[in-house]
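Labels for the chains are A, B and C, by order of writing; each one numbers its residues from 1.
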Amino acid sequence: MSGMTKAFAGNFFEDFKLGAHIVHATPRTVTEGDRALYIGLTGSRFLLGCSAQAARAVGYADAPLDDVLVFHLVFGKSVPDISLNAVANLGYAECRFHRPVFAGDTLAADSKVIGLRENSNGETGTVWVRTTGRNQQDEIVVDWVRWVMVNKRDKGAPAPGPSAPKLSPVVAPEHLIAPQGIDFAKWSDAHSGSAARWDDYAVGERIDHVDGMTVEEAEHATATRLYQNTAKVHFNQHLAGNTRFKRRLMYGGHVISTARALSFNGLGNAVLIGAINAGRHVAPCFAGDTVFAWSQVLDKAALDGRKDLGALRLRTIATKNQPCDAFPGEIVSGKFDPAVILDLDYWVFMPRR
Amino acid sequence: MSGMTKAFAGNFFEDFKLGAHIVHATPRTVTEGDRALYIGLTGSRFLLGCSAQAARAVGYADAPLDDVLVFHLVFGKSVPDISLNAVANLGYAECRFHRPVFAGDTLAADSKVIGLRENSNGETGTVWVRTTGRNQQDEIVVDWVRWVMVNKRDKGAPAPGPSAPKLSPVVAPEHLIAPQGIDFAKWSDAHSGSAARWDDYAVGERIDHVDGMTVEEAEHATATRLYQNTAKVHFNQHLAGNTRFKRRLMYGGHVISTARALSFNGLGNAVLIGAINAGRHVAPCFAGDTVFAWSQVLDKAALDGRKDLGALRLRTIATKNQPCDAFPGEIVSGKFDPAVILDLDYWVFMPRR
Amino acid sequence: MSGMTKAFAGNFFEDFKLGAHIVHATPRTVTEGDRALYIGLTGSRFLLGCSAQAARAVGYADAPLDDVLVFHLVFGKSVPDISLNAVANLGYAECRFHRPVFAGDTLAADSKVIGLRENSNGETGTVWVRTTGRNQQDEIVVDWVRWVMVNKRDKGAPAPGPSAPKLSPVVAPEHLIAPQGIDFAKWSDAHSGSAARWDDYAVGERIDHVDGMTVEEAEHATATRLYQNTAKVHFNQHLAGNTRFKRRLMYGGHVISTARALSFNGLGNAVLIGAINAGRHVAPCFAGDTVFAWSQVLDKAALDGRKDLGALRLRTIATKNQPCDAFPGEIVSGKFDPAVILDLDYWVFMPRR
């Protein structure tokens, strides 16, 4: 075994086999240190992840960790195996949060290859994987499908027959997993920072989140290292200096975190994420850019057997260097205002009156 | 309810009513993660907040969190309600630390409006609030008065009758709250980093803290987000680029933290802050500036019934980009050396011989 | 006692006495916050320090903290007393890790002066110290010898007779302290991220760690403050602007951390550091530089009575702004490729088949 095989250069398209199950490295015990750093890097203020007292008042044993932080930690583990040689992250679907994660839990990740399709140029192919994050009891905490365009190592390598999975464009409300054994009857709006509850939001309503957040290299890189995400484009300026952008790319997940944190102003009671239906990184974001965001309510759903909690389907759009009071978005289908960097479609849980 | 009312743009002068009680959002469970990040961002070395072993030796159950960190966390909560539309932070008074905060405690904040005075231009007014931080047992951990100049939303809005509270220019030593059930007899100077105790400081004595600390955007912004302080001027370069400074302003509290951390060199045994009598941000500080500090002993007070601990009243002056060996300060009353950025008057507790 | 004596300007060469024992300030309770911040700032992925579950599976009570983090914390404490007036850090030797450190442990440090030699110019001298880090039970967790060139305060001060300690060029394998009561039989390669075990490495083998990591001012300064290392050159741009480099110097220890984190790719099972034989900071590193690394296996040693674990002696070389696929290193003895910044010789423990 030579040094070059010991140091892993990542999987190429022809390395993925349909049905293959990949156990990702470095299960990670999440701690209060991760929570503090996440708050420090994003400014997140959603009450449930900030106050153990508020979490206990509704029935949690402790404050659950931010759903987006959990997503990033599990996602990060999948990067060395799935997307080190990715040309593009094409999409996410069917992401569901199954149960809370607490400080002290150990998160592990694995992926199953559920689709493969070589591109006509013979140089790249699309790989679909279902990635699952599990806790130390081997219980699923989150799972999703993502698909990435991956380089081939060898253009001449034989292509597998094309197989693309059928994916739901949106997680159906009846498939959302509301927190069990929890009752938001004792939720405090004064403490959550918003008097608006599920009942107060109307389908179609748009909310400008007002504030802007400038992101520095040290901030997005520290966040991304915290998740042990090893994608080179975020860290290696020596390499990035020779790309068309001339610089490091911000991890798209940090844009999601920043937009989600900004969305507190207008969605303070959106305490939990139930599912991510779809996400698109419309344009790259770089250090020095200021992120803004606005949201639209796409749908509302009551939850079976729950009077304390409802689900809102949101579309949050983030821009760079442009406030969102004019709600910049999709101009025609698939074509966005040039300031837009993120288009995220997701379900949140919000206390009802 | 429209999206614009869901996203909160902050209170304007005419929104404040004398006697109003405002419960601030996002109680926050403080953790070892906050402590580590605070040390990482400030370099603080005061022993009591660093070593659980040293804290236990004098009677604490655990290492108390840094007083200035506690101040910032509570202050940050008050920002969205009190100072989002502030033109200027005019002053602090009567700040007292009532009891220690430990990892695991949840801090909540509320404010009472105790003074209002419209300015003659009809465009702004001064708001005085008493802000209180409480732990999960609803015990007061810190309180203070601050006053800010706040914009009016509508110049024509009727002004309340002027009412300014009477404030003590200095917290009287008998109002300081020394830590209860604690005995510094077993305090170790070797471990605290200073052989100088309360007995060794003379009123009038000046101490150059020697070292300088350069602060980067990522550092002050991460600290300020950690406190969930939402003042736009610290975060939004898109906005800040259009101000006369052309850039983000460092949170004045980060200057306080940095100066306090620097003051370790010369005041290593100033283990606890008892009170902040007054604080003035004399000039703005920006990323790239190097902060220096010096202190003068303004007063000394023995504490009733305590042979182990005394109080020192200090004036710490911080500068930017100028060492303090020449003790730059107030040239004539209210007019400072141009390098000065902070003038802080406070009481510390220090072990006695 | 004047203010200038209260603020400590560091020891000069003539202040060190052979045989003197110096207790360093600020014992520090290490926490999950330190671990998270260390991961965030370095991207370290070695499993044992990331997963409490993996650590428990081999017999630890909890995940031990990263050895290099422990080194930095203890080293940082020694700086104010030993190297505040150092002109150069000349070397390390005989560094051994004695026992694991867990979150909640309190680390204290002390040093003994074991060698002194004035330089012929009469302006500086070399000081050798043995520095020891201890936990709250006063058990040794790490110790090492380092030597630094320190300024004299007064050129005319009398010089002590020269005395340089005899140091081992390498820690003998039989002096390595393998973790007690631990059995790596249940170690998971899938989780550790590497299928290569001790048995798979050959003496002489070279491994390019492939990835690069760009470091920003806010990152190295935050790491170095976390260790409460007070060396001015890392923090004070006002001072550094007047040096030949015109800027702050990155703490050499952050280069070690970065190189060690990069070495995961190729040495994923190098779960513990047993000893550091020698370390040389060949050239300075600055913010904006991208660090790369490669390693060579210098030696292999079985461990007495251990079938689960072996020792590998490694030489890890870090470069700036130059990938390591061509293994840039020592050109002739003591003369390095200009890209090289670090030459580190150390023992790691690695699970056996």
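As a working rule, contacts are C-beta pairs under 8 Å (C-beta built on N, C-alpha and C of every residue); 3 or more make two chains touch, one makes a residue touch a chain.
Because the structure is a prediction, the values reported are computed rather than measured.
Chain contacts in this assembly form a complete graph, since each chain touches every other chain. In the Cα superposition of chain A onto chain B, the rotation angle, rounded to steps of 5, is 120 degrees. Because chain B and chain C carry the same sequence, their contact can be compared by residue number, and under half of the numbers here are used by both.
Put simply, the C-alpha centre of chain B and that of chain C have 36 angstrom between them. Taken residue by residue, chain C touches two or more other chains at 31-34, 36-37, 216-219, 222, whereas all remaining positions touch fewer.
Within the complex formed with chain C, the residues of chain B that make contact are 31-37, 39-43, 45, 47, 50-54, 63, 190-194, 196, 200, 205-214, 216-219, 222, 265-268, 288, 290, 292, 321-323. Residues of chain C touching chain B in their complex: 1-4, 6-9, 23, 25-29, 31-34, 36-37, 80, 103-104, 106, 108, 136, 216-219, 221-223, 225-226, 228, 230, 232, 235-239, 248.
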